[in-house]
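Two complexes come next, and they have one chain in common, chain A, joined by chain B in the first and chain C in the second.
On to the complex of A and B.
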């Protein structure tokens, strides 16, 4: 077994080119559990969480997009300045593990592990994020929607490294909610991210832990868009239960050791309703407008 | 490894690597490179303060600082922590001269069986360094990665609050 700590992106890519079977180690919060439990063996580890290019982020004011390096941690996403660009990603970050986990766990690791329960992933799905990949042969961008092919399976090829994700900075409500057995240190039983684009008049709803990959709920989104007044920030209240029902119908949950399909579907209905109500709060009775 | 990677130091099987723990360089020899930092601290360096329970980042008993960040030692690949500053509970204060946090835990009765205490001391130092006057809600959230099965947390929160008060010059 060998362990190499890369400090530049070129070093990391050359190491992966030389040993395509190498395991990429970022925050360690997924890989080390498997190593500690003896569920995984590896001959070569390439450690990437000190690679400067992966530790940086950049806001492009021209396109109003945010590129987040793969080794940015959830602790960093939770706080200013990054939290200001994506409130939902900051909310999701705050629900990840504990301070100890958030100090180590990275957005790139969450994307690469591709668990259906990954807390950052519904946000990336709702925002139509792009995943950036690199190898010594070049770079490519993959829409997040096409990145995961199944539970913990992705399009990443041997020798390729996730270098970051790009998300749009939207004007409008963003929220992330999840259900689990307690508030801290919990893997989502069901989760949802709602993002409103007030300028583009879209409502995006993504669902976690209720399918083999993160799902969108397009029928629910259409119901919300048709019922919303984006300028006034209001919605026809009769559309809210229909939105929640359509969200639950879009879920493809299973029974497993963490919960049942029926409970998860119900949880999605409740989370979706709550998120939409927060996005379009009912006007105060009697208030003139 | 190919020639192109020769500039990057790679630790190979049975090769020695160095960990900088509590201000001292330690050579780790003849170790499996898949070992966690927690395992190396306890079993190879004899630093038994960091506790091992869940070995999956759930309990916080192995909390240490790596380059000033509070992390679970069980989730750090030891051989990847070369060149980083590692601080364990043994590095917080000399034996017989407890830190203010350690003393407050004793004074508040926040220690019962003591197994979680080293991790909680590390987490409390990290919390108060970042947020000198945390609210109770903040304390609960920031210590949520440290599981205690004895105290019910009330006295732990009291201990943290005592340190915060004492540090801003109030009566402890």
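On to the complex of A and C.
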């Protein structure tokens, strides 16, 4: 097996062009497990976590968007200054693995693995992120919604590299919640990200671990938008159960060795209700939660 | 013997601590030898099938392969400590997914694995026994068609898939039940779980002539040696087992496992051979899974809440073979009777073959599940009697002078004081939010009495060694032996080096099992050190011209009592001894015998109905339940233990903390699930969730120190297993208070709690 460490983006892309079947190694938190377990074999590895272009991020004040390099780690996303641009991404990052894992694991790796349980992914889906791909032939941008085609399947072509993601910096509540079987270092049984755009008057709800890919819950979002007063930051309490029910209805969970479809759907209902309640605190103290 | 207890917390430093903390310690998988080969096993491809074809030629002919073994290449020995139902390699029939069909030694682990996979095995499928209750049906398929022909230990009562039946009967339970004012029945089902030590096991074997040395990550080197001797037909003095640092055990590394396979490979290949398990193998292969269990209990009360009668039935999943599990039925029967005064009792337990991984002793075998069932039932009884659960226990538990359920009368014991201490520390009875509660459970556990030996010697320079058969599995119990020897000889623990975990150097000890190290080997070390102390006193008496009885050993000096100026250092005496009668002590001591039982009768009696130096405990656990998701958080644990005199406070507290954390895991997250063929669905750390430091709640510990006669040194009882007994039960009782009724399955996963909350648990 050959392992080549790239130091620039051009170098990484040349290596991938020369060996399109090469496996990209960033933090290695998914890849090394798959290799060790014998779930994947590879003859060539291109290591990208020392590529400066991938290790950087940039906030564009004009469009108020944040471009995050693919090799930015979860530990970096958890803390200032990045945490300020997307509180939900920071929250999701905090739930990933242990400190050691968060120091190694990258956002690009999370996107590339495209697990339905990937903690960062509901946030990217809720924020309508764009995934940046590059190869020696050029670059292309893919909406996150179109990026994953199934569990651990994506539109990335041989020779292509994920270079980063761009998310809008929204004004409004963002939250990420998940249900797992213990407090820390746990894979999500079900997860949800809620993001409110107070300026654009939208509510976005994305669901993880309840379908082959990360799902949005458009009917639930519509219910919330119609019931919300974005200026006052309040919502008609009667809409909250309908919102949660619509979220649960949008889930497409399965029974597997981690949980049952019924419990996952129930968890989505609870997580969605709690997130919306946190986003629009009840107008009067003591009202229903 | 009167010893003024020093402040142990200030003086105890583990001798193995620096090695482990700095990473310089060597574990079995770290070892290597010139020319060492790597081993791999071929496991059964089906969970129950008759081998119709076994062709190892594709492996033998692979470059780099130096040995391939099957049942045809080793003596035809059927072994097992209670029922001889096991062979090193499958002979004709495979009975669980981790059964070893063949073994390969090759120049690399990769080649060994490829070669093992290349072996051709074909099977005729046999009906799979996957349900422990259905396995007891008269027409159930047999896991062992030839069960009746197997040898078995005398007390073991067997019948087809029932590998060990036990009952405990006292009085007339049926008649007393008929007269009871309140009768309540409950049923509980616990999943299997695992010891999950951090170090997967590793074995390295090397022959020199007709002698073999085996380095193994075992908790019980002498047991492992016995297994090698029995299966390969060797005398004990030609098999040497050495245990390097052991990376945890929790019972999972008790018993004889794969030492003989590796030794046989090394003999066939004429090269040293090493085997290192993967995490998956550690989950699937050893006969040391914590047993799944079904418990049905019926208890009759008087109107005032006094227990008058109990009947119970326990069905234990033995898995495919009977490891040390033969005693589980009687021990489980004791645990569903529990530490209560019960005049009329009939409990029975069946240890039932299935096509699952075999069960074996994992920390306090049978107890956490049985205690969980019993103590959940007890809270239901308290509610039926209109009593507070703690008050109900105060009225019914055994205490000093009580007669227990099996007819044993207890000397001074501290169970009620444990209840008082744990509930006080937890603030039991205070107002809590609706989604929080404090649950309480009591538990018990025997101390195990066994033969055990040690040498103590002081060399000419005054430095000392303890040479012991005892095995350190991380509890610190062996480390504590230095303290006992030091106190006996008036020396410092730092004066002693430990030589341990080598069967050819030290006398026998049962190993890191049954919480017995300090209890039995401590006695041996005190005995051996006492002999050396007598020698020193005689030498000092000669030197100081005094009577031996007047010599006092303290602070590294021998002095004449009442005349501190007449003194000689122990080092100087050791120098004198080096030229004459050497300072060598050898100890064993007489193990305490089992207490008498009066008025009870036991079927399948393997000696577990009488508890030597019984340990008692009470845990009070504060939990919060998310009613929407069923997620349970443990906010605090108060644990009170009567384990007799505590000799090493730091080590003892560590045992309680670890036992509690293991109990929280069993309560909430740890459970093995099986597919339709009886294969484990979650044999990996990703899917089998142990508790982590981030999950650990504050743990308050009280030791109710009642020095016990007829116990270990200074009145110590065992301790390592007892803290694992009542935690899950206490959590269950707290959860039941919030939810309104008990969750009848273990672990109480969020989903199961939620199903109970919504009434969808299928239990009326």
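Convention: the second predicted complex is superposed on the first by the 283 of 289 C-alpha atoms of A that agree within 3 Å, B and C clash if a C-alpha of one lies under 4 Å from a C-alpha of the other, contacts with A are read in each partner's own complex, and residues count from 1 in each chain.
Operating definition for what follows: contacts are C-beta pairs under 8 Å (C-beta built on N, C-alpha and C of every residue); 3 or more make two chains touch, one makes a residue touch a chain.
Bear in mind the structure is a predicted one, so any value in this text is a computation, not a measurement.
Undergrad: Which of the two partners, first being chain B and second being chain C, lies in contact with A:139: first, second, both, or neither?
TA: Neither partner.
Undergrad: Could you let me know whether more residues of chain A are touched by chain B or by chain C?
TA: B
Undergrad: Please indicate which partner A:187 is in contact with in the superposed arrangement: first for chain B, second for chain C, both, or neither.
TA: Touch status of A:187: second partner only.
Undergrad: Let me test your reading of the model: by the given contact rule, A:260 touches which partner, first (chain B), second (chain C), both or neither?
TA: A:260 contacts chain C only, not chain B.
Undergrad: Under the stated touch criterion, which partner chain does A:226 make contact with: chain B (first), chain C (second), both, or neither?
TA: neither
Undergrad: Looking at A:15, would you say it contacts chain B, chain C, both, or neither? Reply first, second, both or neither.
TA: In the superposed model, A:15 contacts chain B only, not chain C.
Undergrad: Thinking of the overlay built on chain A, is A:270 touched by chain B (first), by chain C (second), by both, or by neither?
TA: The second partner, chain C, only.
Undergrad: State whether A:35 touches chain B only (first), chain C only (second), both chains, or neither.
TA: So A:35 only meets chain B here.
Undergrad: Just checking: does A:179 make contact with chain B only, chain C only, both, or neither of them? Give me first, second, both or neither.
TA: second
Undergrad: Check chain A for residues that touch chain B in one structure and chain C in the other, and list them.
TA: Overlap of chain B and chain C footprints on chain A: residues 183-185.
Undergrad: Which residues of chain A touch chain B in the complex?
TA: For this pair, the touching residues of chain A are 1-7, 11, 14-15, 17-19, 25, 27-29, 31-33, 35-37, 41-42, 45, 47, 75, 97-101, 103-104, 183-185.
Undergrad: For a test of understanding, state which residues of chain A touch chain C in their complex under the given definition.
TA: Listed in rising order, the residues are 179, 181-187, 189, 257-260, 263, 266-267, 270, 274.
Undergrad: Hey, which residues of chain C end up touching chain A in the complex?
TA: Per the stated touch rule, the residues are 628-629, 631, 633, 668-669, 673, 681-682, 686-687, 689, 691-692, 694-695, 749-751, 754.
Undergrad: Spell out the residues on chain B that touch chain A in their complex, using ranges where they run on.
TA: 1-2, 4-5, 7-13, 17, 32-34, 36, 55-58, 60, 63, 69-72, 74-77, 79-80, 82-83, 123, 126-127, 141-142, 144-146
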